[in-house]
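In the two complexes below, chain A is the common chain; its partner is chain B in one and chain C in the other.
For the complex of A and B:
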């Protein structure tokens, strides 16, 4: 009892100082937690929601498989022996503790833009995470990509180490959006086509294939990008997982689930304003005339119109208008008009279950049509949809459907 | 639990248990209602479907012998004769439909309780026969051909259209007593299955080219008619569509 009393007295004596220290620290840690959400660390580093950040999510890259490591403070298998300087080098230079090179599946080419304060707060937060013993073999690439030194040349060609500089000619909101999109949100990691080395090449935000899905064009082009979306619609998509055009599926479903549904309204609107304004892009890169739609007399369009009427119009409606909140509108839909049809083919073949969010917990699913429609029929119905109700895009080839069917079923 | 306890305790709810649980229910009803919040979403898997695989109409007879198949084709050809409205039941694939149904779960009454006692029952109680559809066809077709050989010196399939019509009329009117099986138990299942084969989705082997749906103007496996609900008394011009599609789907 006496000992207890003594301890309490000591506690009271120390109180003023510790309150000051703890409160500052708490704010930093909480800020770091939110930065981890903005950066979507969990998408790759949390395989099991009950053991956050213990690693284990496999990333299929064109070069082979990489598995995201354990970033909990576990000393043996996590970052327990790292110092802040080690963490900062990983985030801004792509160099791990001891000097080895990270692969850019870890988006350090984006995180390098983070200001020191953000990196520090994120580090403070990660040190409060429950340590989990989980040994991950991150590098499962085949030779020669398994040799980490190859990244030295890659970095020289594809990577610039630099901190984000706000554009003084733009509003604070646009600058916040720019930082979120270019750095923490690392949107370009999926939405910018990669060059042959897997680095982000030209055609920024013009759309790219990832894990058998097409991460669509997110430039302000109204026909194939998101220029036809309002700020509210873009925010609705990122925050709730869907708007009248589209539901987040595939890798984007993970992004919304782990990350953007938890962003503040201010941050989401900053992102929407930045992306829709085209700031950060050269307008020559995205401002193109849409093509003319294929004629109704085209054999695929005509056959597709019958298939659409028989199989699709029950939900997506005969005028392509869909039903808000459950069946996406196909008319004037940029995803439908995209240059790359892999997501469209995939969704018709396999069906799709989009993300369930706190705001929209239902996650309405699209049924699979692989059992019912042949490769030719799926190509025809997509060609019809891509050339009706304001849409215009190239015909879909049955061979592309066959390839996707093979990839999905292994047949 | 011991055998003794099994016999001592009456099975099912006792009156006391029933009253007790009703009381609990009343108490539950008067306390504030707690809505159940369901988290997460039902399981969904890519590529999943519960579609029936289409019948392969070229695969040969699955249940019938060649003689039985010839007899069934000779029957369905007369139950639904070719005329101005449609092709015959034989050409529409009714015998194929019946063959595939008999080869599947229906043929062995797998869905039904098929243990005794078997009693005639009232008409309202429906079919009470101990015979599965497979047994009815096997016994009935054999008995019918025995009858034809005895009376006409030929199998049913070898008889003229008029003779077959007369025989079917006699079966329906129970003017013929077949050996081994009740005449109506046989005739009624054949008539029923022939109609099913003629009107069911072509996926199941009959209704070739959706012939019966075209005859009736039935639009087939469609889902949504909201665009049409207010258009009365006009020909909407729907081409029927099978679960498997329709010819206009081909580019």
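For the complex of A and C:
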């Protein structure tokens, strides 16, 4: 079934409606279940694993809190009274039943690309999940964002309703990857910086801050993006939660846990091939020369080297090579070289526990150093790490560490 | 009264090495398993943070990882003429608590027992004559043999990632390994750790003297290792905070670093922590275990019915649970009838300290199980004719790390406080090493475990009472092996040596070893053993009691490798034999 799924989907978009509309077969529902996994619906709509899709996950946005609604077939509190057309309008236009506007925390700007067959199968599957009575107050935004009509203007500026069109110049696999990345996977929702309105702006996949974590650059840039990763390494990351550079933590841990560890190999390789090809990027802006590393004589680099050997090298090793499968390699690590240091500062201060998967159950933790390293020391050690073993990036300022420390303490 | 819970296929008591291994095997065989653990859930990320784990006051002095004696302890005496008193601070041994058990704070030394050990009585009678074993020793065969044990040792080492160098593969002897070990089906999963200076020096001298030194087998992995359950460990960094500490680097094998991360993800397994088991319940004629009763942290009692009951706690608690649950007949030292509590044994720890002037051992570089050893004077590897004792010890240098509070190596004659003591510490800290000889302890009819008539735990149950002293056999052995060790020490040409053979009587205050064994031993004869070779309780076929409590005596080796192997053996017995005809004793 896995192979069949991978090969057939790109063609499916072109099938006439009549072939599948007549009946809802088991395989359509199963296909819809897999689409719900690809789309990671559970990430927002499942707060309690024992009551799937009954809503309740709170999303902290720059504009306020939104809570994902109940999408089980419960008639009062879920989608029980919706028709397929209502669901389709929500997915493709961002319009809920009765005509109200959804907020784009629901990634309809991505889902609009879904071919109708996929939307219908997903709907068929959602009809089969256990109805749960759970009344969710979705809109908890403050005025004026609480007025849903503001989304009309937002949509006009930030949203194009269109179905995914395969690029005839590209292979089926790249097209499948494009569809998964741009639509169901909605990678850009986290990895593309948002403009002041919260819409996905330029610098596609260049990395963005979400929920206090930095979703890193996933362009093919070899220094700060994932261009240094092989297809196998990218697939390993998405499927098992870790590779030699990194373990998924923060919101990406949820993504691996609920979604990508369950994707087929074919789909994961399609995604890897598409992302590493740069095919989805409009310009070559990502292909920048890396900066020169700071000198070993830099005061922060020098202080940081001592801290690194005392505190870090036991696990990450003295040459920054790490230990495969347990301690991430820091040398040539795009997250280390990235422009935004918030995740780096965060893991040193607060520690981090990556996702445990069946393939990699260990979930080795980064301990917290908040209690025994000062802001200056953390800034120095990160500056050292960012400018050693082939890494090169701007110094980290103690002020940034202080800000993160304050933000974490307030959490 | 206890609230009855829905039944489960198997309940496993204790989530240390033995319990975690068995639970995982049973879960993989499709059984629904509930694991019950008296202590907390322990986890490397949460509990053994590298930024805070190297705290000698907290872990070594204040015994953070050990069972609280206020929760449960033992009483002790040397012989039946004395009145036993409770141990209120752990001294002689360090029972663990929580998931991982004592396997969190163990040293990591992972020997396999030698083939002769499993038929020790038969072996000694064959070699030295039918009446050669003195009356004061109750040595026994285990009811199993090397060929049955080897696959399970192999399975345990692959779980733990054990590092070492094979000395004896089935394909032939290997240079550089232990020539006395039983033939192995495969080499160690990871190569030996690199050796610090003191074991290197010891090995050079031992080699010059014609001995065959080998790297001490160690479940501290030497390189990144992913075990068959998919759990990954990182290489040991010789941090020196190992024995008595949890490992922050995922280097020291324990149930929490090798089994539980995979086991806890499986849907048919459930762990209940902070739940202390009160007793095993049986049907009216006592021939079937019906489950267990435990008390949770809020003081509520629960009955967990189960088709199979596995007791895999520490030696002491295994035996106490059998005594309080009236499983088997309590051992009586006067009549020598009864098997529950019989053949309790310990370890005979000896050492020689070496003070040098011209050496710097950098003793803070250490690990619980890095070092070099020789086995020429262990077990029956040397001719005991005319020596007046049986047994021997594993002679080795294993620098565990010289920590700031405890490591005060001062020569005899140094005051115990003041400026001269401080001066002597400075002078000797870096230039002192020691050679240990971890020697056998052979069981005796006078050494046994029973319920204390006076002292009770917080739940009103009698404490376990240890009646133990070193036998003349063991004290003579200690003198002999310590002198052999001192010969090597002198050859290393130090300024001064201090030889410390174990002397009697057993003193429960100084730490000696946590290798307490026996009391519910395995064997082929129900008259002298409590469990058969599958760790299945005689006459209670659905009850399995697993751990070092099954050792009929203790050879000159650390027990954990054998505890792990027995756990796999018990799981194999349940899955491949018991489940084919449930409710019956396994006959093959």
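By definition in this document, the second predicted complex is superposed on the first by the 384 of 411 C-alpha atoms of A that agree within 3 Å, B and C clash if a C-alpha of one lies under 4 Å from a C-alpha of the other, contacts with A are read in each partner's own complex, and residues count from 1 in each chain.
Note that a contact is a pair of C-beta atoms (placed from the backbone, for glycine too) under 8 Å apart; a residue touches a chain by one contact, two chains touch by 3 or more.
Computed from a predicted model, the values in this text were never measured in an experiment.
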According to the stated criteria, A:218 is in contact with first (chain B), second (chain C), both, or neither; which is it? neither
Looking at A:174 after the superposition, I want to know if it touches chain B, chain C, both of them or none. Which is it: first, second, both, neither? neither
Which partner does A:356 reach: the first (chain B), the second (chain C), both, or neither? both
Considering only the touch criterion stated at the top, classify A:372 as touching first (chain B), second (chain C), both, or neither. both
Touching partner for A:271 - first (chain B), second (chain C), both, neither: neither
Going by the contact rule set out at the top, does A:324 touch chain B (first), chain C (second), both, or neither? second
Check whether A:281 is in contact with chain B, with chain C, with both or with neither, and answer first, second, both or neither. neither
Residue contacts on chain A - larger count, chain B or chain C: B
Could you pull out which residues of chain A sit against chain B in one structure and against chain C in the other? 314-315, 351, 353, 356, 361-363, 365, 367-368, 371-372
Complex contact set, residues of chain B against chain A: 39-41, 44, 46-49, 51, 222-224, 226-227, 241, 243-246, 248-251
Help me check something: in the complex, which residues belonging to chain C touch chain A? 44-46, 49-52, 224, 226, 229-235, 237, 239, 248-250, 261-262, 265
Enumerate the contact residues on chain A facing chain C in the complex. 311, 314-315, 323-327, 351, 353, 356, 358-365, 367-369, 371-372
Chain A to chain B touching residues, read off their complex: 299-300, 302-304, 306-307, 310, 313-315, 317-318, 349-353, 356, 361-363, 365, 367-368, 370-373, 376-377, 379-380, 408-409
